[in-house]
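For reference, the structures are reproduced in the following blocks.
Same chain, two partners: chain A is paired with chain B first, then with chain C.
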Partner chain A sequence: MIMDYDVIVIGAGLSGLIAAARASAGGRSVLVLARGQGVLALTTGCIDILGCLPGSEGRCLTDVAGGLQRLAAIDPDHPYAKIGLDLVQESIEFWQQVMPAVGYPYCGSGAVNYLLPTALGTVRPTALAPATMAGGDIRNEAGTLVVGWLNLLDWHPKLIADGINDLRNRRGLGGAWSSVMLDALPGAAPELTPVMMARFLENAQHLELLIAGLRKSLTPGTGRLGLPAVLGIDEGAALFRQVETRLGCPVFEIPAGQPTVTGLRLAQLLIKFLKQYGVGFRFNVSVLSAERRNGAWQVMLDLPGRAAVVTGGALVLATGGLIGRGLEADRTQIRECVAGLPVAGRDLPGQAREASGWGRDPFAMAGVVVDGRMRPVATDGDPEQYRRLFVAGSTLAGYDPAVGKDGLGVALATGYVAGNAAATEG
Partner chain B sequence: MDLPIRSELDKCIKCGLCTASCPVASRTGGFAGPKHMGPEMTRFRLDDRLGLEAQIDYCCNCRTCEQACPSGVKISLLNACYRHDLHTRQGLKLRDGILGRPGMMARLGSLNAGATNYVLNNRLVRAALDRGLGIARERPLPAYSRENLKKWFQRRRQPDSSPNKVVYFPGCTAEYNLPEIGRSVVNILERCSYQVILPPPNCCGLPLAANGFLEDAARMAGQNLDNLLPFVRQGYPVIVSCPSCGLALKSEYEELHNLPQARSLAANVYDFSEWLLTLQQRGAPASGFRDLALRVAYHTPCHLKAQGIGQPSLEILKKIPSLQVIEVDEGCCGMSGSFGFKKEQYRLSLEIGARLFNRIREIAPDLVASDCSSCCMQISHATGIGAVHPAVLIDQAYGRVEEKK
Partner chain C sequence: MEKTDVLVIGGGATGTGVLRDLALRGVDAILAEQQDLAYGTSSRFHGLLHSGARYAVNDPESARECRQENAILKRIARCCVDDTGGLFVLLPGDDPGYADDWFAACLRAGIAVQEIPAAEALSLEPNLNPALKRVFRVPDASIDGFALVWANVGSAAGHGARAYTYTRVDRIIVRDGTVSGALVTDLRTGEQRQIECRFIVNAAGAWAGQVARLAGCELKILASKGSLLVFNHRVTNRVVNRLRRPGDGDIIVPQDTVAILGTTSVPVDGPEHLGSSRAEVDQLLLLGRDLVPGLDERRVLRSFAGVRPLYQENGGEGQRPQDGRAVARQFALVDHERQGVRGLITVVGGKLTTFRLMAEQATNLVCVLLEHDAPCRTAVEVLLPEATAAQVRQLQRYFSPPVSQKMAERLGRADLDQLLGILSRNGWKRQFVCECEQVCLAELEWRATGSSWLRLGDLRCRTRLGMGTCQGTICAARAIGQLYQDGMLDLGRARRLLGEFLDERWKGNQEVLWGDQLRERLYARNVYLNLHNFQKEADDYGL
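Here is the complex of A and B:
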């Protein structure tokens, strides 16, 4: 049987992209199929590995390495526990190798969390932060100035400075945050979303105007500048570098708005990098079904005009959860849409609603149950039917990213393991 | 309406909580409720005062948004219907009618190709077209060929009849402007032991639809269905070499025009490279490329991406020995068929493609390859580097030397 690709990945969210990167690094030919972009462009692009331990009443975790040990001990169904912490660590190292080549470097070892400011003046614990954001840790005692422009929507510098000062006072930290609202950016539309502003600043002359305006607002007490994440999309971290060098003052970005500039940057640059690496991509393609036949995965595509089949030796299912539409719920059942895999929590929609343990949402916890190599655990029928099928990301059961603050971390780790298994396991 | 109200509308995230709490809507289905009547209807009522309606002409129909949308919304189809609706209300533009009918213009232009090309390149004529019609004077117009594809096809010695037959739908460009594309496609298909059938020359109708002339486009589509379906019923596949023709035949005839039987045509339409790659993967006679010592930059047209078939021509070009092919992955070129011809959109069209052109200049290839001749036109215009359809290169790699006329 001639196989079109060694590995087919369904889904272009972070878990699918990482699976593709790993399988491709393992020397396999890889095709990614996706209906549309994943959730990635809606996120901050920060890789939250673990922000909150089960049962800790929402307390912000800083010691990620210790937290992971504890999590593995008390919650054996969590994807991290299944994979094993060594592989979680390996996936982080893989990330830190890949991202500089992508042109969008990240900071962090994964062992501890940064505490980064949000656009709402609250704090986000995250383990791996884009280099453009990592300088914003609220524990840093430098005098911080948050800047805004009158024509930028969804951005309120005073709200941020007040909120962070509040948090810092409670922690007894020095070095206050202040804010300044600058006049509308000249030449730009009277109302700009962060994405529009980022596009506007990709023009060199516009960036000059921005730098000139910022320079005027610097005072001797300004130890660092907090900007909305608007410093370009296609250029990765390049405009950020330019602004920082030209001002001679440390700068950091705070993501704002939807979609988020930092999320868009990550999604677009990663996809572009993987293409250059030889990974094939087809967007605007819905996968109707996938079936193992004659020793290969036959993936049925809904193309304009007709259905078509592509075949692959191994299949990575990274179609997302109820949001990415890898799982779909009706009045009575949740089902996995592509391969019809068994779903833990299948009958939830028809049942009385009860919170899962540790305040987690039962619908977020629902999904496909896998073993430590991301292979679906067959509850019925022939185990052969799932041979060389690996599942990654929020299609999986056993975690709730809203509570654990571990969304992209699980996508990274499980995508890595699934891609590795797809590239190597016979 | 001033701007604060517009941002008022943007604040609505369509959650429906207002309607759920509305006492009137809770008791009668005769009131659509606050979400519909407030922010949504306000948008409808005030849109033209914001000047938003006319902005629909800025949608260049590239379909990039559909590739991003997580929900599979057919945004560009909605936009096509909207454009049609607006233009029928406000009166269709003569200029857009001309740009929407490349086939008809070509039939006229080809009557005396030399004279037409001469006249269309005249500066005074271009100034008049610019002022009178709104066709940007800076934009080079496509030249018409002295011998169209059909004439060439009938003139040359017919190859032996083969039991394997394919229908080739060349569209307007490969028929009238750049018949070398069509000749290459025919040669390659014949080399793969197919007998090629050419249906009567006709436009696919996409340019009409993209300019708001939906009824005319549907009529064109109907003619093509009449021309092509008899072959499809005999089991012959239909090959297209233009990605926009491909998209029209594969999706617009059904989704936009709702034509019966469009689906049976669509299921049998293949992009030229999609078809050739499948043949090569099945180990068809189409192997044996010669060296082609060239450095080529490849650009994927938006309408090829929209077909979800990957990058078959890139894969084929990569197999040609000595051919160094570099993919330029910088998105839309900005031309979008007739979009880049329009006076008010000419500059914008070049700005959209600026990153692409810069990257191509950096690569400094001998040639650019792209399946869409509208992309080729734009890239050559902006960079001064020649751009060709991949079929022309593949044909050369198969060892054919273009005959002298």
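Here is the complex of A and C:
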């Protein structure tokens, strides 16, 4: 392993991957160090830019561009407000360019939201959806059949169809969704998670069986088919296209279970693409610490049986938040684990709280405070100690994706800015 | 109007125990519980089937009662008892003289106590404080309060008794100084109705004072709150008691896949709306780490609290006990005839371990008053007939042998028949809805159709769904989805149930938000709020 890179990225979640892509595009040698694959595989795989404004009590935002303007005005601590909306827009354009090259195109301009169905029969606003999902917008008038199989876990087609009809009715659209439950696919295990089913369907014969079964359930009124996201992992949207062409009927996926197929697919395809592009990856390593010494970043790794050091000219910290383990809380305080950066909301664990779980959560909002270039704002000590260190993604303070529906959007935009900065700032 | 001989108020261990005893003696009886069974202290407790050792020094009478009941329950209630055994551990700094007194007191109470070498104890329980001085084995065990209460009612129903949940007693009707019935409200429909009866047994635990007042009788009950912490794994495989004068944070009880540390003792005004404070949590962790070093670093799933009703025989002029533990833990049986109301008796206090004995004595009194001559059979008749070998073999068609074994032990013969019936019709219902606690779809279906329930939490109590490490993150959505798919819920109810369930979970871990449990909570929030965009209030999503 080479021990000296222009840019070291810690973390292989979406923010780390995007930062690595940008630094690499800027002509730098890049190494990504990561303990695991990050939260991406648990998500819908849709890039939420902004789905819900603070204080709007769960109302779905459809006008993303207008929403961003409003957000920047009322919430100056939000990462989008820090980097500025032009750069948010640039990062979206970057996504739209890079995904066709990855071979897994996304739909959406970024300016408006889709309203996509969830596995719980609710609706979710999102700006950028994989082609396999984008056809599911609930405002579409087509008669929609949601299909399930008895042996598939975490999938309840009737709940989805009835739930969406209920929402459509409230909007005066009329119910157009129905559901059907098919017998277990022959040859498959008696209980399958969506990921297991996706692996099963990567076999061509199994996919044939699936298509045959689906064909039988089509009726003249079926305008499109809603399937659980199970149409393969490694081959991107290829199985999806095959099913759609063979059936002659539009199809869309709805993510289900944990991890989700759409999340896992995106994570794996992006990593594969970046590897081909020359980005170095090292998984299953924990970074113990990072320190700036003699004009470079020294990153200490916890390798089995020994410790090792890699050095980099610039460092991108994309280690995630409390879920991704970039931040850790003990009974009295929250700390940032790698560089010991100051954390806003540090004292939360020791404080008395009244957090219901439903609104913006103080723990989710906690994190590292940065300036518009993703540089930590030093509260004490020597400003030099954070030179050429850039922070991206959910390590940052100031947003709660569970409420704002802006998680992967912030990861994209801040990863983009951090990666650019790491590649250029001398 | 519905008629019965005896109305039992309260669906905890005591009330359901009385219902079963009456039914086995051939007395017609109805039980009314304001919420779900085991809503009160019988689920908000530590889960320790006492050997009596804890009370040997302070309360030898209680100790003897516990010893006897412990042996009886291990025989008749194998479905609810995990016979883990228990240890008493003398730590450095605790009074060594007390250990000798305690040992002698245990022998006097007839408790099978045996000293074992410290090294042996540490090999049995490697997490214990390695500096421990002396260790004794006792026949403590772990008992599941939910399962016990349900088994009592199941057995009673088999003998003709009726039990109504979500049925609150609002008034006790007294005519010419004699009980003649009660006015009850069905909390699901809001409807009031009258139940006519000759006797009422008040087994309302910490609410017993309020219930007695419904008949105009005074009953002094002081309430003392105890908080407990649930760890995400079996910290120890045996019950572990700290060998010293009973105090706070000195017992760890393994319960299925988790372990519970407790308790505190804080005087409170009444039985409702209790949580544990951060100060109690901190105090418990501080004490618990004396027994198990590093316990305060381990993952706590949630905290909860229960209320001990402390009966004050001589009034006590409303004074609060300094320490709930100083007041005797023995139970009281009160015939309110001396207050001018014939046909009302109260049975209150004691311990879950002694519920059967309390029920026996209360039922004896009722039978005397009814002039009904029948012996008590609850000590000899098995509570829940055990699974047969044939049933276990049938289960193995769907599950691995260890899983089948565990299910068979938990469910008993009658429930297994139902479960196997569902599986033979729909083999795919072998799928686990809750992987942590191995609850399959067939069990969910049987519990949801075979009993009346209101909340998802009620099904959790009947099945253990969502009680393990993930605390419902995965299985709550699965359960709701399946119940909906099976036509047991409408959309509005499905959403309400899920919202309530999450509220309850999030309240439960409010005071233990650090480390892995904080991470789990944030993860669960994202699964429901983010991935599923589930909204409790704005369920039209502003569309």
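General remarks:
The rule we apply is simple: the second predicted complex is superposed on the first by the 415 of 426 C-alpha atoms of A that agree within 3 Å, B and C clash if a C-alpha of one lies under 4 Å from a C-alpha of the other, contacts with A are read in each partner's own complex, and residues count from 1 in each chain.
Definition applied: a contact is a pair of C-beta atoms (placed from the backbone, for glycine too) under 8 Å apart; a residue touches a chain by one contact, two chains touch by 3 or more.
Not measured: the values here are computed from a predicted model.
In the model built by aligning both structures on chain A, chain B clashes with chain C. In the superposed model, A:V7 lies in contact with neither chain B nor chain C. With both structures placed on the common chain, the touch criterion links A:L231 to neither chain B nor chain C. Shared-chain residue A:D162: touches chain C; no touch with chain B.
Of the two partner chains placed by the overlay, neither chain B nor chain C lies in contact with A:A318. In the superposition on chain A, A:P190 makes contact with both chain B and chain C. When the shared chain is aligned, no partner comes close enough to touch A:V146: not chain B, not chain C. When the shared chain is aligned, chain B comes close enough to touch A:K272, but chain C does not. In the superposition on chain A, contact of A:A422 is made with neither chain B nor chain C.
Chain A has more of its residues touched by C than by the other of chain B and chain C. Within the three-chain superposition, the chain C stretch that clashes with chain B turns out to be 42-50, the only such case among 6-14, 24-32 or 42-50. Across the two superposed structures, the residue set of chain A contacted by chain B and also by chain C is 153, 190-191, 325.
Residues 278, 282, 285, 296, 427-428, 430-432, 474, 477-478, 480-482, 484-485, 491, 494, 502-503, 506, 510, 513-515, 518-519, 521-523, 525-527, 529-543 of chain C are the ones touching chain A in the complex. Across the complex, chain A meets chain B through its residues 2, 4, 31, 35-39, 153, 190-191, 234, 272, 275-276, 280-286, 301, 303-306, 308, 324-325. Contact residues of chain B toward chain A in the complex are 3, 6-7, 10, 63, 66-72, 247, 249-251, 254, 263, 266-269, 281-282, 305-311, 327, 329, 355. Of all residues in chain A, those touching chain C in their complex are 42-44, 51, 56-60, 115, 118-125, 150-151, 153-159, 162-163, 166-167, 170-171, 181, 184, 190-191, 255, 258, 260, 321-323, 325, 328-331, 349, 352-353, 355-358, 361, 363-364, 401-403, 405, 407.
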